[in-house]
């Protein structure tokens, strides 16, 4: 039953994937392509069907995955889901199973989950992911792994099946801590991009040229490259992450800052902009919509329709 | 007397370079390597000597350069220097000469210079540069060219001799405007890097790992990659740009924002940090020293290091 | 058994006070002085003794207060305390009892408490207080009353016994909402005072003169008048409210802003300063200690003073 | 010719007032009422006429005032005006004349003016004023006097004629320095008021009640009391100080902060709001119009017409 990964490492039985949303389904599909046997589940039926189409085996629930697999990936939307799934796994997994928790969730919740599984001889790793759903599809993810070093090592062949890089960051929780640092920068760079584009547009520069030129120079950031085009093309209705969902990330970063007693003036300066984006009706839009908040501040009255807007204040 | 550039375009006589500091000397050296005849000058004698060593011809002053060259590059430190040099060039250049102004200076000063030279039939272009002195040495510069399109076209072979890319941004002044947008982001991303590293360090992450991992992910920026290592290694005494000199850039960005009536909350949030860096004795250090301001805020008492520290509380 | 208040209004039996800390004890004492019979309790024995000395009657617990009194004041430190006390009151109070909740607590907790008491025919009012413990002693409080209008009216004679003013703000919760608005300003004005004093001191102005002159002019705020002297005299170890306790208020304001989707750039800009004050060891000091954070930022090395200082840099 | 002030001190001849705008005319009128002989001038003819109506003597120009008066008050709008007037006074004043400069102007300009007059034996004092034009009318001004102590003492009877208080702040320039500290707070408290009112309004509180209750509590500031009503009543077209003119003050504060190397996060956080107010067309409105910028940020679309606006987002 044991699969032989492309990279020639013996993997004890199928890889389990619990949670088959954007990230989970992309990881599962890439693992199938890499030669792994994949079993998975999700509470949404059509996500299970999609797994079958991608070449995996859909199981009824987390317990079933726990019974079949010694290497399990969790890709869950909330603390509550993590708690429920871990209760099932504690009841079903064999001792020696390794489970990686890939979500951006409160660290305290991950610690509780780890401790709960430890009683059953199951090792939970805190392995956050750097990359969007789109990047997950092209295997363009980095894994911020943390926890038991030997378990991380044992999981490496599987990481290689869905990610381009994996860092062993040491102590359990460092994966989440690193993710918070990354997300703090994501939050800032997104707003910075909007602020910079506004200056350019109001100075009379051509928006498309601006995005190309700046994205290629000393002022560039990954976020500028990713979201700058959405800002000038006003395509924030195609959300990579919605303003509403991002609030969860902002809250977690805020708590991490408080726990570390770390002052963060730029991060704090982004908060009113994200709040304003929600207030102005962009809750279901991509976070690139903060650009419209800047336009509003500058008195650039939003038109009703799609298409490029003017740059003149009244 | 006309040189034939590597790219096979006839260039009317030598290329002039006025101002042979970090940027100017690097451009001159690369032009020599690219097969151009280069004449240049600087008020500092040893900079003129360095040009000779690099294979160029050192002339006594700007007027002499104006007499010898139809294609001139200005790399000057201040508005006053620009004014003085342009007065000399107006008196010495033949009509048809093209001069490119590469500095980050007030746009009004560049416009005055352009208008002053126009009377002598000399075309001034506003061509700011994206890249540091180190990048200039490896020809890793981008030119933000603006002004007369035909003059930009005529200068292209020379741009190719010292830069990897050249954008024609249209109307005179757009080069400077684009540079301000880039610098606004540089100012923000540098402080953001410090803020993020502090969070990581105070969360218990290894600084070196942090800089590597974050610099390679969604939270990365060019500035994080460039200055993050200086922050964690505390090597800000090796200045790419000193805190004091950067004040000039901050002021110009501030004026650009005011002229465009463009609100910039993140840029404004960086100002107290840069001010604090000066107050704490980092005027001659690289701007990466803002990291120490964050440490101070967080009560991390600075080690007794060499060099002046700030004023005592009264 | 019914007392006749100074103002001649019949009050049905004694006034109950549950929670006899700074605020509760001051209110109880003033009610005694105003001619009311007061019964009260606290889980801390010496607070109960203090009530006896002040002329009131100490009872064993909240249930006993609920049995004796038809007009009850709650002055509790936490959501948990509110929940526990209200469970006791629901079990012991007669229908028709009016209870006022005076704390700064999450509005959701107050709503739950109100709904829980409603089943027993007990009316809970949300009546926050404006003023410090010191002001409570001199009856210099304002009540931000909200909830059932008739109940507020019925309570007015008692309000008059411990406060100088009472506003009926309408719908239940408006008392808390108004308090959040006031506290947002308190948070900002305190940091603004520190920032202004730093500018004055670094400009060479005499600190004591500065505090007097500014406190009396167009730039003044209540907080400047209250905390400015603590800043220049460095007396923040005498806490009106500690940095640590104030974190609770900051969190509640943050949640109120989020609930209202109301952007608050200045409030957000204060957060890193308050965080830094905690990091620098001012958790048990008055919030006026943010002034020292400003000094640190400006490189004014803190004098070797008694008491703990912050963590060392690596 | 010498007038006897109410306070019985001999004043050598008439008091001169140069600059008869809002502040100057109010001071002149109050000095007349206080029994002083007043001579004055302004380049605007109708301001000179108004002085006559108020009981003073209008002279043709500054030189004429210099010839007639030994005690002169300057109330000028700009650095250029100060320079011109002082040139005239240097040419016309007798040695021993005392001139007080009351404007909020760059300190360097005042120093130049002082040095220029010193050659003619004329003493210039730096005496900024705390209070608005409306307060000037009711003699509700405070004088921040600085410079030669004996000259300040000699001027005291005149101060008493137009101000309620006068502080001798020491060294020349301290008047201006103190004014910058006050103005920094004015800038912050105005934006803080807008931010707080927005939270209240979006939380469902009645705006008028809010302004009354908050203005009377711990969160109050002089600015909240003065501008809060303008915000909720949307009467910012009646400007005490316009957004455009206030830019000059913001710039001076910014320079003072830079000169003192004093970090000012809250002041910096106000800048984008004031810029946005200009961008949104409030240049000629009172600075209370920042409230509308907050509304815009929150997606509260402004109605086209005058009169009160809605408070609902979307």
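Per-chain numbering from 1; labels A, B, C and D assigned in written order.
Rule of thumb we're sticking to: contacts are C-beta pairs under 8 Å (C-beta built on N, C-alpha and C of every residue); 3 or more make two chains touch, one makes a residue touch a chain.
Fair warning: this is a prediction, and the values are worked out from it, not measured in the lab.
Asker: How would the chain C/chain D interface be labelled, same or different, where same requires over half of its residue numbers to be shared?
Answerer: At the contact between chain C and chain D, which are copies of one sequence, the residues are largely the same (over half shared).
Asker: Could you let me know which interface, B-C or B-D, is made of more C-beta pairs in contact?
Answerer: By the number of C-beta pairs in contact, the winner is B-C.
Asker: Would you identify the chain whose Cα-based centre sits farthest away from the centre of chain C?
Answerer: Taking each chain's C-alpha mean as its centre, the farthest from chain C is B.
Asker: Take the average of all CA coordinates in chain C, do the same for chain D, and state the distance between these two points in whole angstrom.
Answerer: 37
Asker: Which integer distance in Å separates the CA centroid of chain B from that of chain D?
Answerer: So the centroids are 41 Å from each other.
Asker: Compute the distance, rounded to whole Å, between the mean C-alpha positions of chain B and chain C.
Answerer: 54
Asker: Among the residues of chain B, pick out those that touch two or more other chains and give their numbers.
Answerer: Within chain B, residues 202, 257, 261-265, 269, 272-273, 276, 279, 297-298 contact more than one other chain.
Asker: Per the contact definition, I'd like the list of chain C residues that touch chain A in the complex.
Answerer: 247, 254, 257-258, 261-265, 268-269, 271-273, 275-276, 278-279
Asker: Could you list, by residue number, the parts of chain A that touch chain D in their complex?
Answerer: Listed in rising order, the residues are 202, 265, 269, 272-273, 276, 279-281, 293, 296-299, 313-314.
Asker: Sort out for me which residues of chain A touch chain B in the complex.
Answerer: 130-132, 142, 144, 165, 167, 169-171, 174, 177-178, 180-186, 188-189, 191-193, 195-200, 202-206, 209-210, 213-214, 216-224, 226, 256-257, 259-270, 272-273, 294, 297-298, 313
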